[in-house]
Structure formats: structure tokens, C-alpha cells
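Got some structures for you, see below.
You will see two complexes here that share subunit A, one where it goes with subunit B and one where it goes with subunit C.
Presenting the complex of A and B:
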């Protein structure tokens, strides 16, 4: 079969497995009823997830009830003065990481090393941003670009190994996360790499030199809240990713690769090129997130420290999973997760461990995995029943 | 140069090097010997980390109420609970196994962190038990046979796993579904059920491993106790080329490296930055996977969900 221009020859439903398509045909139900069913299923799962977290607060700790936890988190995330600005600042890197995850995930690749890619990106940004001269804004853009390059290199290694030697990218990205953290920790011990000059820091403090004031990401003040403009950039990029994945040939090919690699190959999609490309983009986004964290000001005083990632990479990955890799939904999930993070900062006063935010995040993701899986299985069971009753 | 060799001699005749190496190896062995079975059946079980952590926490809580044996039992149950979620979500509902595993790791870390923050379990260390005669062997004797008795559980465990996988009908079926699930399905094996069973086994063994590590290491539970050892155990399985022998070798190698990280600075040598030693297992695994990826044959259906009627 000669390679054809995709988009003409194969439609997306055809690229899916044939059985899944027939499952939709045989379903003898009204659209409204099935939509109601889907919404109900999601609601039950969501409720279950929150109930588990609430039960944990009620029964496993004697410090507070779930209602106080709820109010306190809401206070810390949006209601108290200056808090929603902080939430926006935290949401920016989460959103960026999640967007990258979407690109690679749609191409059928499982990149779970965002935390490492983010840290490498931050390190590249810190190295370049404290060393080059030139006007502040230009230096900021260049150093952020270097962050993108750093993250892309880190993910690109995994992508290259995947398509060159067939090494599972799940494991390489995961393992390289630890490598990245150690590498940056090592860099922070050497003056020639990342460590700040001895004046202006405590003797054994392993931190990088802070960014000069003219290289910070500009902040906007609105109704008493201030936030870096990086969140606007991130939202813009979310729209771009949505458009590229949903409305362009490149995006179509990526999705086809993810749905059914064999069909994609037959339709003339270069698996290597698109696969490695998706990994590079994914890592680049994570690297940019690292740079934005460093230059944005919501994560410490504009300098790199050990453990700089602070779980943002994982939060972004989970956000992409909850949103089922839809770029526009991710925006809201990123805000939700950022709110959980900033809100849980207020929990210390109540004595409830702030880790409850992680629990809520985790149960939410698990709950969001359930409905599509149940629906898919049911559709398949019906399809099998339909075919066997025909024969 | 002679300096270098005397340093090497210094390091490798140090008894605590071997003691630490064995302690680190055994926790990997507990986890990896279960993982090898799961991977033979076709699952890359990322939630190993969560199983170990849950086991360690349950052991910390359980020993206060029911002693060390009770703690280990609770550890097995805790590992089994995590395994239940992983197995049923990925091999009953056919959700993506990596996603489920990763989320479980984050979730269990969160839950355990929350519980420890609310009420911290008391610490308890298990005393060393000396095995007569064997413990007198110089250098490695004390490391292998003068340890907390919980460690000795691993000695029968590994042969038992070997017997289970290579000498029983169940083991044959497990290996078959990892190689060709469709053919196995047609032959009447319940592919997903068997896969779930292997994950349950992994969960129990890894949970006990977590409990062991708690008792052998510090006795004090912290949520950073496992600290990525689950991932290293997965790496050991891959490093070992999906054979039990290779996996044991991988665990020993990574355990030794982990122990060197502790021993070299404590002897006053600073030739190698500890950061590089800490990342060594991961780098070695990636290099090994790259070199052997084409030669070592992984289970053919590894990481592919089985849904009847879909290739």
C-alpha cells in the first residue's frame, strides 16, 4: 500500500479498532439516556473519591472534621487576600507540564519523568540566566528557551532509546528522573556549574545565584492579587496545543500514532520522527515549566535549590491524566490542583496534615480512570453479545 | 595508583559495607522476586513502591499491637490491598497499568504521609539473631547470618518463587500468558485472572519486604523510608533480563552500589561524588537495557493489556 496523505485516506474512527466502532453502532439506546448515564457515573466516582479523603480526615486523625478542612483549603486557595494570585502562579508550571504530557500521551507514549525534565529545565535556565549579559527581558527569554532545550534533551534521550533500541520509555523516563535530581544536586555543589558565589549566601547553603531583578517574569497586580504573566502564556499555549492536536495534520498524525500505530504506519506516518518529536515537545514543556518556576517568583526567591521540583512535575502529570489529555480541560484541572496545593498550605494552623491534598489528588485521578474504563468494557460486552446473537 | 588500590582494599574489606549491602539487597529481593512473576505474566507493576511503603507503614502500626509477626502479617495485607487496586483496575477494568501504578505510588505516599502526620507509630527494632557456624565466615558471614531474623525470610522465599514459576502448573500458565495471551486464552486459561493473581502475590511479598526494611533499618517509620527502592527493584528485574537468577544478581549489584554510597564517605574518601553513586543503579539499568534490549527477550506481551478479541 503506497503511503497516502493522511487525513484523506483514514479517518480517526477507522484508525480506532474496528470492534470499538461497531460497539457504538449496536448500542440501542437514546443519546440522552446514555449521556445521563455517563454523567451519573462520573458523579458517583467523583463523590466516592472525595468521600474517601473526607473519611480519612474524620476517622484517622482527631484534629479536624472534613468541613473545616474544606473551608480552610478554600480560604488558602482563593478567598483570603492575595491567595488566588499565588494559586495562579502555581498553576502555570502545572499547566505547562500537563500540556507536554498531553502531546506525548496522545502519541501513545507514556512519559512519566516530568519531574526530572522539569528540574533539568530549571537548571539550564538558572545556568544561562545568571551568566549571560544583555538587556533583562531578552536574557529572560533566552534562559527560558534554554530551559525548554534542557527538558527536551532529557525526554529526547528516552524517546531516542525507545525508537532506536526499543527500550520502554516508561522506565527510562522514570529512572532518568532520579538521575536528573542527583545531577542537579551535584551541580549545586560546584561553583563552576550552579552554585552561587560565596558572598551573599550562608556557608553551607547549596543554592544557585538568584536571578537579577530585571530578569524576573513580570508580575501583574489585579484586585490586590499579583501573579506572573507566565500563567497567561501557559493558557495561550494550552489553546495552541488544543488547536494543533485537534485541527492540524501534524496533530492528526500524532493522534493516529497513539490510537493505532500500525494504521498510522500504513497511512505514511513516520513513527520515529513523530514519536521522538512528541517526546521532545513533552520534555520541552516540562523544561519550560521548570524555567517558569525559577523566574516566576512563586517558588522561592528566584534561585535553584535542592529538590526544586517540589512535586510539580507529578502534579502536572496527574492533571493531564485527570483531564484525559484534553488541552482545554487541563486548564481547569491545573487550577484545581494548584488550589489544592496553595490551600493545603493553610492547613498547618488546624493541625491536619497538609498531605491530605496529595490524597485528594490521588483519589481524584483514580476515580477519573474508572468511568471511561467501565463504559468501554460495557460497550465491548454489548458488542460481543451482539455479534454472538447474530451468528 | 597504589593509593587507589589501598583505598579500594580499605573499602572492600570493610565489614559494614557488606552488612549494609545485604540489608539493601534483601529489600530489593523481596520486591523484585514478586515483580519478576508479575512481569513474566505481562505486567510492569509500577506500584511496587506503593506496595512496599504500605507494607512498611502497616508493619510499623501492626507490631505495636501484635508483635513482629503480626506486623509482617499486616504488611502483607497492606501490600495486598494496594495490589488489589492495581490488579483490578488494570486487569479487570483494563485501565492503563502505568497510570494506575503511578497514581497509586502518589496516593499511598500521600495517605501514609497523612497518617504519620496525624499519629506517628512507635518505633521498634528487631535484634540481630546469629546463625551459629555460618556467621563465623569472615567478611560476608556476619553480613549474611548475623542480621535481624526477619531478613532470613528471604532465603526460603527466592527458591520458593523459583519453584512456583518454573516447577508448577500455575507457573507454566503464568509464563504462557506473558508470552502469548491470545493463544493462552484460546487454550482455556483466564488471562486476566492469572495476571491479577501474580499482582496479588507481588503485593504480599513486596509488603512483607517493606515491613522487613522497617524492622532491619531503623524501626522508625518515615514516609521517605522506601524512597524509590521500588523503582530500583523494577530496574533490577529488567537488568536481570526477566530471569530470576539475573534478578537476584541485579539486586545484589544495586544493593552493593547503594551500600557504597554510604560506606565511601564514612571512610573519609571523597573521590566520587555521592550523587554519582546514587544515580549509578539507574544509569547502569538504562545502559543495560540499551545494550541488551535486542538480545534479551522480554515477555512478548509485556505491558500489553489483554482484552479478548483485540490484538
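Presenting the complex of A and C:
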């Protein structure tokens, strides 16, 4: 990068300097790549990853052969009876997390602590959902709303630190994730907090009281597949996020803040308000994802356990990155990631060792991340070439 | 180097020239950047390449140093046809380029930067000695052990020059070398360039769109327009308005250039609204009042030291001054980008909150910022979006943006301000600098502002665009807007302002109406010497 113009002292308001670095980055310009190219790129990367995965299974595992790997993953994700319903259930929280990531990402903020926000959201949902009375559906909605609040608070702390004390949100969100995990673990050891009464938990130590049956998220059965209706809610929210970002004044200003904070400041976008707002929404989505996981039934028997997040927060973050923060694309990427998860879980069941199955899944996710990275680098290179040829 | 080439210009006619570009053609998609361009660079000569932004001069130079491969055409060095495939290859052929933007590592010293990219063992003693030798030989006054971060722009450029000269190239290309330099630094640069040419016997190509520069420095000049060479020949036989005419393809008002040459304006060439004198009735209230503004930087430096200034509706007030005397802070305060310690900003008599997002824009202060990429536009947004950044409510109902209305209104503005783009949905970054500036201008003026702040509005623009901007500023003033023109280019100030004030160390230290401009006094004021007894602290020469 060319150095900035030399020796010129610039006055800065507090808020402006906070975003000065992000404004100076070279941004990718997403043009140039045709749809065909993009699909081709994904196909190549996916094929490469499958080949590596196959080789791993062949050489590093005593059971299973590479020919089965492809079919097993496909079977596990969609083909076998009941499997795509399972995939949809897993996709819902991934999609929700990814939508939140998109909102903060578009505002120029890097929230990478979704896992923690999700766990806090699940804990809030568990606490409220097992304690309040009233009709089941109402209690469910209230406890999910509390999950939203929990996640929003957790991300909001990072947002507040960022805009009042200038602490980078990349660090705080990630570190707060560790705090969240330990805090919930500690809560699961205290009866007054999350721990289930002794008669309900058998020989397990750190579990919360399971949700009453009338407070489960309703499930739909279709062609022998059953899935929670939360996936429909998630898809609906994806459309809402898409509309808000693309078609409303609020979304317009949010995107402006993310793209050029100084122009936004001059144009009347209050950085603190919009920035912290975006963090709250982002955390809220992760919290909702946690609540949905708890009350949905696809992640254990409707109760909170240690390590409840199960990497869904990170999967959602990745999904948002892979979809390059486009709300509608995220729907498909979320399904894909969910499919990889259920598929490789099935792979484990065929006798391939758990570690190898994890490596296979990781390789496939990596393959999904490569094309955007390649496109980013190429767009950046062309953008640099374009700007220098214009002068 | 062959000794046969070392004689005078006369002898060089017989020997083949250092560089011949013959019939160079380059397409980018449908755009023809270079169309059968010929260019000849001779040893011992500075060859000016003149043209508006987008005329193809940069592309041509990139062909020469191997950054762009031509679609057709031939490159000859000393009469032999060569293929230049990449910059390393060009360097091996003895061609080097000093780019407009420096590529120096600030944390490293001069000699470390020079050695950057070397392979093998680093012989720092040798490199330092070599840097010293080159510096001394061409009078560049560079100390090999200085850190880049401590050097001003002019010195940094000299380091870039040393980086090139160290490999003893035969051909040197300078791309807009003075765009970041002060006038005295530019003078120094050209003196050094002349030494490089006469003593070193190098061939130099100087890419520029500044006419005075081309006229005073070059031996030969090639003028490009729309990818073609429109004129080529010896600089001695031409003059400013002829060059300008060839460059833009029509005659332009050359007031700026005349001013630059010290030719005192003869006022009578163009219908410039010369109603200037009675434009400011004493009774009206100022459109903009700045009262005792003070601002202090993080490092404790005084950025604004009690700046007081009134701008009346319908006048253009030019703020003259040497760079870094508070102009930037003044612009930032009026853009809600910086806050002040004390003082007041009043628009039509109403106080405006400082440092509050959007407050200044809302109060009716339009700004054409010094760096439009920094606070004037969003490059990743479309042209339409950029036109409604400050006021999306004009194209929305109940918080929902009406895309059709937005496009329609944008199309209207695009036409009204003749913005050259593929339509309202064109991404902002795809526009040329001049057209981006027009987008900013269109947006700011379409809000019917009370005050227009223009900070370095013509910086980096070509002659045609400068003329357009100047007209817009004049028209705004005629329409009753109070215009505050902040510029470090004195010619621009002299050309446009009805009243000139001088900023020094963050405050206004002198004022004169246009009719009583005294260049000598202006120069003194800019150097910090007030005409009254209260002469200020020692002049910082440059």
C-alpha cells in the first residue's frame, strides 16, 4: 500500500479514529467473476477436498474406503430416510448466527464471539423457560426472547467497549466467548442458577432441567422427515435482514458506516448508535440461535449441558463469510454447512474413526472458504490495478 | 554505456534514440487506452507527456516499464526491437520509473529502502556509500541513515529517485512527480532532473497535466488525447494556450495558467460574473460565521488558534495559506468530523453543534472535501446511492427506500451535472476522479445549501475538470450561496475569490478584497509575517 500523505497531522474525534483503520483497508470489489466461474471454482475446491478426504480415509483409517465416503456423506445429509429433516434442524441455528454476523459485518464490525453469545442465549432461555408459568407457546416465545436479550447483552458489552473505550471488538468478542463458556459451566453447578433438581438428572452432573413438552418448538413431519418450525422462522428472518439492509434507510446507513465511516459521520450516521445497535442485533441473533437449539430438540434432549454450543456459533460465522454477507445466499450456505455436519456425523457411524471424520469435515469447510478468498484476492488485485491505471 | 552516444543533441539525431515506441495500441475491454501511439525519447532530453486524466499517458508509460503488455506495436531501445514483459525485465533494459505514490517503508532508513529487494548478502557499507555518491553527484542532499518517517514528501521522492538511479538506468519515467510536492520542492526536483539529464546523459519522460511544468522543464512534448497523440514536437516552439487547446480539444479559459505564469489577469476574456463588488450588501447577515474556533490535536499541537471568519451570501472567500496551517481541521470541523475546544459555528445566525454526526450538513453546510475518498463518497456504493448519502429520506417513505425514485432522481442529477458513467447503478469506484468529484458536487449542491465549503476542489483534476469546477463554484455564489474556498494553490484562490484571507497557524492573520490583491503582501502573510507590528515567529521557509 502506498504510504499516506506524509507528515500531515489530522485531528480526529474519538469515534472517527476508532474506525480509521477499517476505512483505509483495500476493499474487495465484487465484480468481474461470472456466475459460471464462481460455480466452477467451488466445484474444483470441493472436488479437491473430497479427494483429500478420500485419501485420508483410505490411508489413515483401517475401516471404510474412499469410494464410500462420498455416498455416505450424501446419504447422511439428505438421502437416507429422515436425514434431511435432521439437516434442516441443524441449519436453523447456523442460519440465525450467520444473519447476525452479516448485520454486524456490514456495519464494519468483526464479531467472532457468536459461540459465546449463543451459549449465553441458550442459558437465558433455559433459565427462564424452566421457571416461568403460563401457557406453553407463550412461555416458549418469552424464553426465546430472553435468549435474544442474553446474546445481545453479551455482544453489547463488546460493542460498548469498542465505542466508548476503543477496545477492538475482534478481541473482546472472542475472549468473551471463553468467559461465557465458563460462566455457563459454573451456572450448571448451582441449583439456584441452571442445575436441574437431583431427581431429574440421574447420574449426570452438569445439566439443566429439560424443557416441558409444551414448551418445545413445534415440529413438522414431511415425507418421513421431521424438523422444527424454527427453520421457517430463520428463513423468514433472512428475508427480513435482506430487506432491511438493502431497502431501508437504516440498512443504507448501516452499510455506509461499514464502507466509509468518515463519510457516514459527515452524512449524519451516529457511529455509537448504529455500531452498538449492530452489535446488539448480531448478538441477539446468536442468542436466538442458542434458544432455538435448546428448545428445538435437534441438539440433545431439550436441556443445557456443558459445551452446549457444539461449534454452531463458529459454523454460522463461517457460513456468513462463505456467503460474503449476503443474506439470501446465506440460506443456501447454511443448508450446505448443516449437510456437511450431519453427513460427516453419519460417516462416523460407518466405522471411520471420529478424528478422521472431523478432519474430513474440516477439509470440506475449508474448501468452501477457499473460493471467496481467491475471489477476494483477485478482485483486490484488479481493483488496485484499476485505481492505478485511472490516475 | 557506449561512448558514441555521449555527444550533443545534434549528434543524437544520427544515432538511434534511447526509446522508440511505435504504433502502441492497448484495449481494455471496449475502451481504447492507446491507439497507435508513437513516442520517441532521446538521451539528454526531458520529454513531456501531456494529457488529461484518462488520455492514455499512464497506460503508455506502463507499457514502457512492462506493467501492461500492448495489443499491438513495437518497443525499440537504441534501435533494437525488444519485448518488455515485466518490470524486472524493463529494469534489466535500463528503464526505471518514479511512481506518483511512493513505495517506501517508513520504519526503515533511506539506505535500507534502497537495498530493499536486493538478493544475496547485504553489503550495507557499499550501499550507503553508493547512496551518498548519487546524492552528492546530483545534489539531492539525502542522508543514507535518515529514517523515511522523518522525511517530508519532497525528500521521500528523492529517495525514490535514488532507488532508480542506483541501477544506473538509461531511461527514467516520472509519473506526475509534483502532485505531492510544494512549489519549492518542485523547483528542486526539476533542477535535479536537469542535472540527471545533462550530466548523466539519461532520457527522461515526464508525465504531467500541469502546463507550466511542461513548458518550463521539458525539451520536447507529446500531447495525448483520448488515447492518441494529437501533437508532438519541441517545447520551445509552443505556448501554454496552444498546449491546452491540443490537450482538451477546445480552447479553455486559461486564467489559472496565466496566473501561474505571473501574467497579471487581463479580465475581459470571459463573462465571469463581475458583479462581485456590490455582491455583499453590508446589511445582510453572514451565511457562515466562525467565531474564535480553537482546536488542539492529540499531540497537544494547536490546530486552530482562535479562527474568526465571516462568509456572506453570494461571495467567494478564499482561504490562502501554506499547507498544514489548520486548513484540514477547518474543513473537518465544518464536516462534523472534528470537534473544537472552544468557539462557535453559526449558519444564518443559528449556532450549529460541532462534532455531532451530520449536524453541519443538516444546517446547510455543503462540503467538497479535500479527499473525496476519505469523507466525500463511498466507493463501494453505486452512483445513485452516493447521490443520496446525506439525505436518503428524499427517496424514501416511512424508512423504506424507493429504488425507482432513487434511480430516477439520480439519472436526473447525472444528466444535470454531466456525470460520465454507465448509469445510476454504476459503482462509484468505476468512475474517473473528475466524475467522482462531480457526483460529490451534484449531491452537495442539490441540497440547496446555504454555505459551500470547497477544500482543494481541483486537486488532481485536469484542465477541463478544473474549468468545470470553477464554473460551478461561481454559479453557486451567484445563486446566493456563501462559498468558502480553502486551497493551497494560490492561483486558484486568486482566480476565484472575491475576498482573500490568509490562514497561518490555525488563525486568519490577514484579509484583502480581490481588487486590492498585493501578491508580495500575500506571500509575506502566508509565511507568517503580518503587515502590522505583530510580526509572528520565525518563518518556516517552505
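In this text, the second predicted complex is superposed on the first by the 279 of 391 C-alpha atoms of A that agree within 3 Å, B and C clash if a C-alpha of one lies under 4 Å from a C-alpha of the other, contacts with A are read in each partner's own complex, and residues count from 1 in each chain.
Just so we're on the same page, contacts are C-beta pairs under 8 Å (C-beta built on N, C-alpha and C of every residue); 3 or more make two chains touch, one makes a residue touch a chain.
In this text, all values refer to a predicted model and were calculated from it rather than measured experimentally.
In the superposition on chain A, A:314 contacts subunit B only, with no contact to subunit C.
Using the contact criterion defined above for the overlaid structures, shared-chain residue A:247 touches subunit C, although it does not reach subunit B. In the superposition on chain A, contact of A:256 is made with subunit C only, not with subunit B.
Judged by the touch definition given at the top, the superposed model places A:373 against subunit B, while subunit C stays out of reach. Of the two partner chains, neither subunit B nor subunit C is touched by A:79. Legend: residue contacts after superposition of the two complexes on their common chain; A:219 is shown touching neither subunit B nor subunit C. By the document's definition of touching, of the two partners only subunit C reaches A:271; subunit B does not.
No residue of subunit A lies in contact with both subunit B in one complex and subunit C in the other. Those residues of subunit A whose C-beta lies close enough to touch subunit C in the complex are 2-3, 5-13, 16, 23, 27, 29, 31, 247-250, 252-253, 255-256, 259-260, 262-271, 383, 386-391.
Across the complex, subunit A is touched by residues 44, 46, 85, 89, 93-96, 98-100, 102-104, 106-111, 113-119, 228, 231, 234-235, 238, 273, 275-276, 278-279, 282-283, 285-286, 289-290, 293-294, 303, 307-310 of subunit B. Residues 17, 19, 56, 60-63, 110, 112, 161, 165-168, 170-172, 174-176, 178-179, 182-183, 185-186, 189, 314, 317-318, 321, 352-359, 361-363, 365-366, 369-370, 373-374, 376-377, 380, 384 of subunit A are the ones touching subunit B in the complex. Subunit C meets subunit A in the complex at residues 28, 33, 53-54, 58-59, 62, 68, 100-104, 106, 151-153, 156, 175-176, 180, 295, 297-299, 301, 303, 323-324, 328-329, 332, 335-339, 355, 357-362, 367, 369, 374-381, 385, 389-390, 392-393, 396, 399-401, 403, 427, 429-430, 432-433, 460.
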